[in-house]
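Two complexes come next, and they have one chain in common, subunit A, joined by subunit B in the first and subunit C in the second.
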Partner chain A sequence: MKPLSLRCLRPVIKKEFRQIRRDARSLMFMIFLPAFMLLMFGYALNFDVKHIPLAVVDEDSSRTSRDLVDKFRTTEYFDLKAVLGKTREIDPLMGREAIRAALVIPPQFSEDLLAGRSPSVQVIVDGSNAMSGTTAAGYVGAILQSYSQRITLEALERRGLAGFAVPLSQEVRIWYNPELRSARFLVPGLMAFILMVIVTVSTAFSVVREKERGTMDQIRLSSISPLELILGKVIPYVVISLASAHLVLLLGEILFGVGIRGSYPLLLLAMALFLTGALGQGILISAVTRTQQVAFLIAVLTTLLPTFILSGFVFPIRNMPAAVQAITYLVPGRYFLAALRGIILKGVGFGAVWPQFLLLVGFAALSLGASAARLRLGDEERPRRRRRVR
Partner chain B sequence: MRAVLSIIWKEFVQLRRDPRLFPVIFISPVLQLLLLGYAANLDVRDIPSVVCDMDRSQASRGFVDGFANSGYFSIRARVERMEDIDRYLDNGKAAMAFVVPRGFGDKLAGGKQASVMIIADGAESQSATIGVNYATMIAGRYTQRVILDKFERIKASGVRPVLVDSEVRVWYNPELRSRNFMIPGVLGLILMIMTLSLASMGIVREKENGTMEQLIVTPIRPHQLIVGKLLPFVLIGLVEAAFVVAVAKWWFLIPVRGSVPLLFALSLAFMLNTLGIGLFISTISRTQQQAMFTTIFFIMPMILLGGFVFPIENMPRFFQLVSHAIPTRYFFVIIRGILLRGAGWPELWDQAAALLVLGAVLFFLSVLRFHKKLE
Partner chain C sequence: MPEYAVEVKALTKKFGDFTAVDAVSFAVERGRIFGFLGANGAGKSTTIRMLCGLLDPTSGTASVGGFDIRRQPEKVKRVIGYMSQRFSLYEDLTVVENIRFFGGAYGLTRKALDARLPWLLSMAGLEGRERSLTRTLSVGWKQRLALGCAVLHEPRIVFLDEPTGGVDPASRRRFWELINELSESGVTVFVTTHYLDEAEYCNDIRLIHAGRIVAGGSPQELKTTVIRNPILEVSSDRVIDAMEVLQREPWVLETSIFGTSLHVSVGDEAEGRRLVRERLEGEGIAVLRVDRIMPSLEDVFIHKIEEHGGAAGAGEERP
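Moving on to the complex of A and B:
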């Protein structure tokens, strides 16, 4: 293989830029789509489990039971949708997801409470969404706990035993994201997710389009080596996608207040490495496919859901089975996300994220190298394939 | 009818010409479901944690053991000073920390209020929320035990502590497996992504390759062309849905409580939506690359705003309104309802009606647009 020469690289880059410019709509998409998506989803999404729709069956309907129901009415964790008379009315409501939790207060509730017998209420939770189901059950438990504590303390006070302190106070501190604001959590995640998809998809067509239109043969006849061709094709996109990534960062800072705590050069390096790798994956897809349709399908299938689910964006990686955890190492979004969270949210230095950087470099080298190898191989394979088609 | 059949035939011949297409269409969804089914898991267990016990009394050990034995936390390290916690949280070796200050045991014994500190890594706010919930629950249980012990000692006062006990029943998914919730969602997403991407490329490819003119000069009418172009994708979608439901049922043991024919009938209604959007994209794009970006533009909200993982009721009002125009919103309720809750027509008719109306509107608009394009 002959060494890389800038003389050969320049014209490829120039040609690619010209071709990108010709399709204004695609260029707009590449630059502005990630920022637009962040704008939209940054506002729309959060993980808080609040406003769980709730129904109450008050079979007691005394002042005490209404007092307890009021506790559920005033909390932001539940939205009281209905007060029902009978337990069996719960079934149809929960069946069509009109409510996701129900509280049943039994007939002798106030009687038991006043007599000092501990009454029991029934909590029904829609478990089909395990996450909100667990949380809802937890909230109900906490509300009942504080309610019983208050009643006990009141009873003590009536006997002149005031000043009985609750024995334990807990202070909860959330680091890196004190108000548990979803935006702080979402911005790095959305950034990795959106960039991965858009960037891979933007190069997934680059080679296969030339193949489909027959211009690949012209390039093959020129003196450009596969590596030069690939670098020439990737470099314009690195520039464009870096611009687009900065737009996302800027929006994150201005609209969602997610500033960069760590060092900017380090962040820039992480972005450049990740984008190169993702673009390389696009090129690789382009090199192994024959039609744009299949290239698109493969690009979408290998980026969209895998990055969303396997990068640690939504689902914690440590919960996955070991085999699946091993597979997450094939998803570059995973390293990028860890690096982003470290640099942007925690403000850590190179010392804490160097493994991520190493893996990003490895991924970029692998994807670009494999595409170059594949393109060279394609050269030798070509005559044979021609014959088969005829 | 003959014309439609011949278009369908032509489509299949064309699809078969690329040998990589069929494996991609039929094998990759099953692979994806297998992989993602294991990965899409929000059950939080064994959260790596650090304990900083500065009291080192019997009471503080009892308190910490409550966390260690709960199964929710796995204690990775015990440190002496609070500063040492930083290191573990900074590089992600631990996600939570429990701090028991000096004097904890003495204060409890003396009837004074003792305090503890729970620290969580908020960078992953999802698991932080769950972790904090579990931790407060365990600390609350400890508090209750201390109160009860105290009452034992002042029995003479004649006051008995009242505990409103809650008996929790979990419907539809008693073990609270989050996989049961996620897999039907992944199923809907795969169906959506496949049919939408195939349809969005279908017509723009003919435009880009210049074969559209040839189709126009044939006596085939536009609606025949649309039906013939889209029916193969409907077939592919149905076969795919069958594959994926089979994997969900027999591999992941997801309960299928409702009627499978109803599920397939409503999948057809869902595909009316996705194919309608795909056709629309195909008519407004000039090149396949544009079609591809536009498809991504439409797919993202279907994943993120349809209620796959992010609950719709937590979104701001504006986005809740927007979500009504997103077909996955209805389909997720339908597919989860049929599989997990055994819901049938009485519970789901409104979702089905919304899906059908939305699909009809989308389809009608894109057919109109297609006709105009042809003229």
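Moving on to the complex of A and C:
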């Protein structure tokens, strides 16, 4: 194998840049689509549950019950939409999604409470959206908990037991994303997702296009080695997709307040490694397919779903069944995402993310190596009948 | 220097059960124009691709420029130029950008490339169009540009795989002039075509049919040695009917239609002339002329293919 030579690499890089520049549509696709997708996903993919429409059925109508209802009125998690007289009025409201949760206070609520009996209140939550349903139930539980704690303390106080403390109090602090805003969690994931898809799809065309045009044969007969061809093709795309990644970072900071806590050079290295691997995957797809349509299909199938579902972008990997978790190890987006969240949100250093880096290096080496090997072999298939150029 | 520019021995290529090239052997003398003729799918491109190192042969050997195509493919690459029917240019690059890319790809220095550029532009007649996008060029221009790019590195041997497909007749003529110039400068030209008229420009020809070489020699040799029976050109008012009538006659060896006339191969010239007129006029077909003609390469080709038990179209469709 001949060593890499700059003299052979340069014409390929120049040619690729020129071709990309002439193909304005693809260039726009690569640079602006990621930013556009960030906007779409950033605002649409929102798991924050606030302003849950709530109805209350107060069958007690006492000062105490109204006091409890006020607790729901004053929090931003719920919007009190209706105070109903009867339980059966809940169903139609929830049916047309006018409310997502309902609280039913039974008739003898205050009486029971004063008598020292433990009354029950009924909480009804719309479970048709499991994610927001669970969250809503959690909020209702927390509010009721704190209310009943206060009642208990007041009761103790009345019996002369002032200063009695609740034996175990909890104080939860959430790190890295104190307000638990989804955007903070999603921006790094989006970067991984968008870059993987765009980069792989755009390079998947690159070799197969040359095969379709016949220029691949010409290159194989020139002094350019397969590795030089691949590097020459990858380098321009790395530059462009890095620019695109920076646009995403910038928008993440401006629109969603997701700043980079960790080291920027480390982040850049992570991006460069991941992009190189993704580009290698695109080229590998291009090297094994014969038409641009097939290449496109494979590129989309092997990037879109795995990166969306199996990288931990939206769904936490630790909640998946063991078999699915095992598959996630094959998704390079997983490592990139872990590294990104570490660097951007937690500000960790190389010491914390080196295993991810190592795996990304492996991914890049594997995809580029396999592409070069595949191109060296050439096509062993029968020549197709070619259409005549007219 | 090797005696032959290309030497092929029992070269075979199989794709699964299908034998595309079947134990082909031939040699190409240096500096000649060597024509490889055959219908689409006869095995022309497959042979050329093996010789260039784009495809591994199943068996057999070949040397190109004195280098073994299996053991020294890198050395073969350096002495050859290759151009395919697809003209393999980047349509989204300009004329000069294409030239510079291929120059760089062949490892030419900038200086060497600058020196070669004016020659290529004038050869292809592209002066003044250096900055045009290649996709805007006419087919004839693309064809000459592709040839220019294929010989940028001044190879000793050029392989042209159906270089004139889909090109208008004037451009084809001009292209053959370029091929002649290359040949005069000492370059060996190996060209495939299915245009039989183009074969006349070649010094040496091989006819390939269904993966096998069925005839070979200079155009003159082929025309005088392959077909020994006289061929009569019969002009009549109903050419199809005339052919149907004559095909039934035992003394008629072969018939084929050429435009508005009929070529009839007979055992004896004088006897043939007499019988043709007698039979056709007996059927009420007016015979305008009967002339003895020199067989064309097409006659030779059809004769050879029929001898090998297949119609001219047999190689057209692949299984």
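We take it that the second predicted complex is superposed on the first by the 304 of 390 C-alpha atoms of A that agree within 3 Å, B and C clash if a C-alpha of one lies under 4 Å from a C-alpha of the other, contacts with A are read in each partner's own complex, and residues count from 1 in each chain.
One rule holds in what follows: a contact is a pair of C-beta atoms (placed from the backbone, for glycine too) under 8 Å apart; a residue touches a chain by one contact, two chains touch by 3 or more.
Nothing here was measured: the structure is a model prediction, and the numbers come from that model.
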Determine, under the contact definition given at the top, whether A:Asp23 touches first (subunit B), second (subunit C), both, or neither. both
Classify the contacts of A:Val324 with the two partner chains as first (subunit B alone), second (subunit C alone), both, or neither. first
Looking at A:Gly116, would you say it contacts subunit B, subunit C, both, or neither? Reply first, second, both or neither. first
Tell me which partner A:Ile219 touches in the superposition: subunit B (first), subunit C (second), both or neither. second
Tell me which partner touches more residues of subunit A in the superposed arrangement, subunit B or subunit C. B
Which partner chains sit in contact with A:Ala373 here, subunit B, subunit C, both or neither? Use first/second/both/neither. neither
Touch test for A:Val361: subunit B only (first), subunit C only (second), both, or neither? neither
Scan A:Cys8 for contacts with subunit B and subunit C and give back first, second, both or neither. second
Examine A:Ile151 and indicate which partner it touches, taking first as subunit B and second as subunit C; both and neither are also allowed. first
Identify the residues of subunit A that lie in both the subunit B contact region and the subunit C contact region. 23
Contact footprint of subunit A on subunit C as seen in their complex: 15-16, 18, 20, 40-41, 45-46, 49, 52-56, 77, 80, 82, 84-93, 97, 100-107, 133, 139, 149-150, 165-166, 318
Would you mind writing out the residues of subunit A in touch with subunit C in their complex? 7-8, 10-12, 14-15, 18-19, 22-23, 213-215, 217-224, 378-383, 385-386, 388-390
Of all residues in subunit A, those that touch subunit B in their complex: 23, 25-26, 29-30, 33, 37, 40-41, 43-53, 68, 79, 92, 94-97, 113, 116, 118-135, 137-138, 140-142, 144-145, 147-149, 151-152, 155-156, 159, 161, 165-178, 180-182, 184-185, 194, 197-198, 201-202, 204-205, 209, 289-294, 296-301, 304-306, 308-310, 312, 314-316, 318-321, 323-324, 327-328, 338, 341-342, 345-346, 348, 352
Taking the complex as given, what residues does subunit B use to touch subunit A? 18, 20-21, 24-25, 28, 32, 35-36, 38-46, 48, 89-92, 108, 111-130, 132-137, 139-140, 142-144, 146-147, 150, 154, 157-178, 180-181, 186, 189-190, 193-194, 197-198, 201, 205, 286-290, 292-297, 299-301, 303-305, 309-311, 313-316, 319, 322, 333, 336-337, 340-341, 343, 346-348, 350-351
